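Paired with chain B in one complex and with chain C in the other, chain A is shared by the two complexes that follow.
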Partner chain A sequence: MAGQLIPDIGEPAALPAASAGSRPAPPVAARLAARAGLVVLVVLKRAALLATLLAVVFIGVALLPGDAASATSERGESAADLARRRARLGLDRPVLERFWDWMSGLPTGNLGTSAHGERVSSMLATAFPNTLVLSGTALVLTALLSLAFASGAALRPGGRLDRIVGGASTAVFAVPEFVVAVGLVLVLSLWTGWLPAVTLTDGDGTPASWTMLVLPVLALTIPQAGWNTRIARAALADEARAPHVEAAVLDGLPPHRVMLWHVLPGALPTIATGLATSSGVLLGGAVAVETIFNYPGVGAVLASAVADRDTPVIAGVTVLAGAAITVVLLAADLLRDLMTVGRR
Partner chain B sequence: MTIPHRAARFLRVLPAALLVVLALVGPWITPHAVDEPGTMPFAEPGDGALLGGDQLGRDVLSRVLAGGRELVLSALLIAVVVTAAAAVIGTIGALRPAVGRVVERAADVLILLPAVLGIMLVALSWPGGGRLAVAVAAVVLGLPYAVRLVAHAAAPVAASGYVEAAAAGGERLWFLVVREVLPNLRAILLALFGLRFVAAVYVVSMAGFLQIGPQPPAADWALMIRENSPGILLNPWAVLAPSAAIGLLALSVNLAAAALAPQTGRKAVTLL
Partner chain C sequence: MDLTRRRLLWAGAALTTASVLTACGSGAGDQPAGSAGGGSAKPRKGGTLRVGALGRASAVTRDPHGVQSNESDYLIISLVYDALTVPGARPNTAPRLAASWEASADLRTWKFRIAKGAKFHDGSPVTAKDVVFSLKRLRATPAGASRLPGIEAKNITAEGTDTVVLVSDYANAELPLLTRLTTFVIPDGTSDKDIAKAPGTGPFKLDWFRDGNARLVRNDSWYGGAVHLDAIEVKIFESPQAMANALLAGQIDVASNAGAIAARTAKTRGDVQTVRRPNDMAMPIVMRTADGPFADARVREALRLAVDREAMVKQVLSGYGSVANDILGTGDPAYAKQIPQRARDLAKARQLLKEAGFDTSRTYELYTTEDISGLAESATLFATQVREAGVRIKVVKQESAVFWDKTWLKGDLYTTYWGTNDSVVFFASKTMVSGSAQNEAGWKDTAFDTAYQKAIGTADAARRTQLLQKMQQIEYDSSGYLLWGMADGVDLAAAKVHGLPTLPGYGRVQLEKAWLAS
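On to the complex of A and B.
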């Protein structure tokens, strides 16, 4: 749960099932055009939300007391020195002008300059992809585990597996990733010696071996798998009450077939949205987990930015993280549209 | 509600309550000084230090006992503020759809901001904010989801006949929120408080771990994990004990919140 706050805590509400009414199908070309229009609309909406977030972040940072120049000032620096540095960083210009410069630079890959005058984009060029690999792997593993556990549990409601999965998933989702990481390091690395406890890097700045990814990925996955198992279990339960599932059961289909072909498709949009929400938590949790494993990702960059009070770097990471989360949410949106259109 | 059910519920809330009380009184019952070395750095357990020493040779047990109060207090404060604000704003959102839509959009936007980054941004742009900055960030980041939850729960109540009757009778919005709708949401609000407490423990400890919140030499569970992890082989307890404290706190409060949650949300699959 929840680098970011645990998203949307509470029993997940399933989306209303698509109406099963049959209407005469419109011509293929018109349908394709409508579908394309829908996709464009969804993309635009997500892009607008991302732009809003960046605006809120920039203006929030500008409104709070203190700026990059004063935060990095050294003891004994005179007010004139401070003003000179502020001018060099462009902080003496009006907020709206700086905001426009920053926003218009983003699409070209220019993330601004750090408080020490370095380009933020070059500081993150190898670190952010490393973090994406870490949290992306964790996201895929989370999806597989939560689907497997939830469908296994839903096959026998109230059975032993259902109760174990329910209890375990509720128990783990609240534990911070760095606490999970400490437990994993102690057991799987220091006491048994099976996996490396620290990440060594190659010359190009990537982890030297895939075994170094196992522990960080597990530490990120365990809490999120707990959370998503709960969402998937509830979504499957909602979908299992639909009339078409009852019909399939009455037709005498075996339970695993009903689960795979009749229950899961309807529950998939809710599950996908839950997983997409987790992507932000995974990125946030990665920052802490990377610190424990010495993994070469944004965690290290952020740690030194925190020590230097370097807000522009953190804003740059926010842009990249926001963009990555937007892409995952977009995929979930499109999956939902696809499923509901396909079922009409 | 039958007596056994109530007893079972009490038993599920008990561990969380005990841990919170222990964390609150902990600083008064430390066996050794919190900030003075008593052993060798990373000394193993023994010699009157039940859990050994930390990276400066300070008593780990004392620091674990002392290191939870501020975490628990700030988490409680955040949970209270978020729950109270969400109760009012969410109910208004259910009664006034325009407000509800604004909240939905705010939640859509904030989901793009990992909490860690949000807290870093606030804490760094607000030098001297300290724990208050972390708490403000946690409240702002957690509020939209909580409001959304309350608004969903309040919607059926807001649409019920007696609320419409009161609204048609000319009652003010404030009266509708506080006297007509909110009393019906007690169970939801209690569960929301528990979950917000868990989320706040997560956020505050994450901030501590990333060294944005409490600064050395303060005794703080999350900070202890960070400071002592280089010596995890020499004295694992210096890392394990604070980790277990945070893990158990999150876990027990979470189970307590699940026990308090109204059971209507859980549906059984009956057909498979």
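On to the complex of A and C.
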């Protein structure tokens, strides 16, 4: 959970920078340095976690029945052909050795070669940015929608809007992405003809038209917007009970002003954490949604790589997805930190 | 998952490329609607055809001699490059880059003459040297020995500039059929590094290729005749459902090999044509003959009598298929139609099981995969049907990789599938002759072996047909296969598309005669 990422920020005892300098630094600079140090520490921790995860990927794929040599062979190949293919793919070596080899290429951006002989980095060169665009847009839209709905609902607790938002957000969150996706295709494309049913790509590997992004983004956004609206609504309700908010209300400030300047800032850390966890779900959901919309992202690459036992490809996707999620979680933590420190 | 590598491989093993030279105009076969496969209207020149084809992003390959597990890749390759021969309707082998061929009296030496005026897309003429280089390159691939069986690399030579000589290790009257297998020709000396840039000789030139998608433009100087379309855009689809949606939404004009389920969905739409290509896919049940519970021929006969073939076709294939008679190679012009159709006879099945002393108290496992649509369903329905004859079968679904590793060629009872169905000899040589590398049922029958050796060593067509039919009779009586039906290949197309191929298997990729009505 992102909430535990920087558990004791602001506590001087935990700051490595405090012991680093011999001369006491000015308070602001010290705090910045401390925060930078913490960020580095967290990134290192995350990197170690990712490395462990990659080792698990290598070992896990090795434990699956069959290997990339047999999974990508033709029916006509003899045992000797298969052995040769196995040697060519390096599958005759111990798994940890292969893992180490692959890891040592990582700092230079070398993600290895797929079982089909393609460079993994070039396989993911357009697919991963495509997926980032898809899930990134969905994340932004999720944030906007959930904030709007939750604030609207919180303005008049127990009101009609509040009840509708409460019910609807629970309902949409309970529906899996693929059901939403199939429904969207039927209604917005096949029945009405308003939007393209699938994504087709241009010669540059990106979607041929922005309209092709609409349905996949919606399919990802709708369930997550439901989830985040609930979180945001609850956070706003908590914050609304805080003394400073009550003071603002007693001061006679208009409700939307109270909401924007007094309730929302306090609730933001919780909302950001909720959104950060959604980023992982969005990337995961993209795999299913990409298949339904034929979206040219990593989902399709990953699914077939698992079927092919294509370890370098699976590991390559893991690294990139892991890095993306780390960045989002880090951003959420920094925001939370900023807000809490600012309020103290 | 509907789409997997093996399906494509075996749909593609045949490389049943439709014949431009003979198949077109042979009529629309049994298409229920539209004129996609035939039509008498005068072809219109121009237009861009957008074709959806199945493929997986991680399996994309550009090498014409590589492992083509994507239909989309194969479609692109076979439009850009030409093989020596292509599948036809009757006979099942038609000329392409090889305009003609002739055999020596002993049927071991075969000479292929290159089509006059054949040129690479860079303008250089195709010579025998290019063909020899390409065939040797194909022979040197991991599966080379099965792609060009009986032909050593050293026995591929040039004679003059326009003739290629292949010498087989044994007499083989069906050798030209083997050259349908990925004998794509690239220029002499092309390095592996430059393979994606190698010019082809085919009806379309590559404009661009990106992540499995491509745009191809007409080759105006193609030796094979006039090409109508200005361009073809190939779009890769991971799922047949997304491909069908794209067609219904008008984003593509053809959904190649969309399958029965998509066809059922599209049925209600008047503006979508369904092209059915019979004898596209065989999904036989393999019963091990070498040993185990099904080694007794009477037990195998009993199971063949216990299956309800009509129900299988109706339920498993949604009716997009036909009943079969336990003989593989149903699309062969020499297919033995006179052998009586086996029908369900539960009483006789029970009696045979009793005679064979088959243990009906045991539960037998039938292994299957979800590699292709309908395969696992066929296993389940079969198990239900034979229960009525007193045979207890439990269906075990295996993941593809596990199945091919552990069950295939070894199991007592499992489902398999093949996409090359226009040749009795193809199956005989690959899966039925004693000692064939992919003898799925471990079948050994000396009478069958003798008939096969004689058949491929016989030049006289009538005599060979006789021998082929003898082989089929033996297969019908005692092989390890239970072939209950044949699935149609099903393509979907917009109403304006004409001249689509109707041959089974990879016959669907030959789009050079396709055209678009205005």
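Throughout what follows, the second predicted complex is superposed on the first by the 293 of 344 C-alpha atoms of A that agree within 3 Å, B and C clash if a C-alpha of one lies under 4 Å from a C-alpha of the other, contacts with A are read in each partner's own complex, and residues count from 1 in each chain.
Definition applied: a contact is a pair of C-beta atoms (placed from the backbone, for glycine too) under 8 Å apart; a residue touches a chain by one contact, two chains touch by 3 or more.
Owing to the predicted nature of the structure, the values given are computational and were not obtained by experimental measurement.
Trainee: Considering only the touch criterion stated at the top, classify A:Gly158 as touching first (chain B), second (chain C), both, or neither.
Mentor: A:Gly158 sits against chain B, while chain C stays out of touch.
Trainee: Please work out whether A:Ala288 is in contact with chain B alone, chain C alone, both, or neither, and reply first, second, both or neither.
Mentor: The first partner, chain B, only.
Trainee: Have a look at where A:Asn110 lands relative to chain B and chain C in the superposition and call it first, second, both or neither.
Mentor: A:Asn110 sits against neither chain B nor chain C.
Trainee: State whether A:Leu64 touches chain B only (first), chain C only (second), both chains, or neither.
Mentor: After superposition on chain A, A:Leu64 lies in contact with both partners, chain B and chain C.
Trainee: Touch check for A:Glu118: first (chain B), second (chain C), both, or neither?
Mentor: Touch partner of A:Glu118: chain C, not chain B.
Trainee: Report the partner of chain A that touches more of its residues: chain B or chain C.
Mentor: B
Trainee: Which holds for A:Ala300: it touches chain B only (first), chain C only (second), both, or neither?
Mentor: second
Trainee: With the two complexes superposed on chain A, say which partner A:Val263 touches: chain B (first), chain C (second), both, or neither.
Mentor: In the superposed model, A:Val263 contacts chain B only, not chain C.
Trainee: Quick check on the superposed pair: does A:Leu190 touch chain B, chain C, both, or neither? Answer first, second, both or neither.
Mentor: both
Trainee: Answer with first, second, both or neither: which of chain B and chain C does A:Pro176 touch in the superposed model?
Mentor: first
Trainee: Going by the contact definition given at the top, which residues of chain A touch chain B in one complex and chain C in the other?
Mentor: Dual-contact residues (chain A): 64-66, 70-71, 185, 190, 291-292, 302-303, 305, 307, 309-310.
Trainee: Flag every residue of chain B that touches chain A in the complex, lowest number first.
Mentor: 105, 107-118, 120-122, 124-128, 138, 141-142, 145-146, 148-149, 152, 191-192, 195-196, 198-199, 201-203, 205-206, 209-212, 222, 225-226, 229, 232-233, 236, 239-240, 243, 246-247, 250-251, 253-255, 258, 261, 265-272
Trainee: Residue numbers of chain A touching chain B in their complex, please.
Mentor: 1-11, 13, 49-50, 52-53, 56-57, 60-61, 64-67, 70-71, 154-158, 170-176, 178-180, 182-183, 185-186, 190, 234, 236-238, 240-241, 245-246, 249, 255, 258-259, 263, 277, 280-281, 283-285, 287-288, 291-292, 302-303, 305-307, 309-311, 314-315, 317-318, 321-322, 325-326, 329
Trainee: Given the complex with chain C, which residues does chain A contribute to the contact?
Mentor: 64-66, 70-78, 81-82, 84-85, 114, 116-118, 123, 126-127, 185, 189-190, 193, 196-198, 200-205, 291-294, 296, 300-305, 307-310, 313
Trainee: Write out the stretch or stretches of chain C touching chain A in their complex.
Mentor: Interface residues on chain C, with respect to chain A: 1, 4-6, 9-10, 13, 56-61, 66-67, 69, 142-143, 145-147, 208, 210-211, 213, 215, 235, 237-239, 241-243, 245-246, 248-252, 399-402, 404-406, 437-438.
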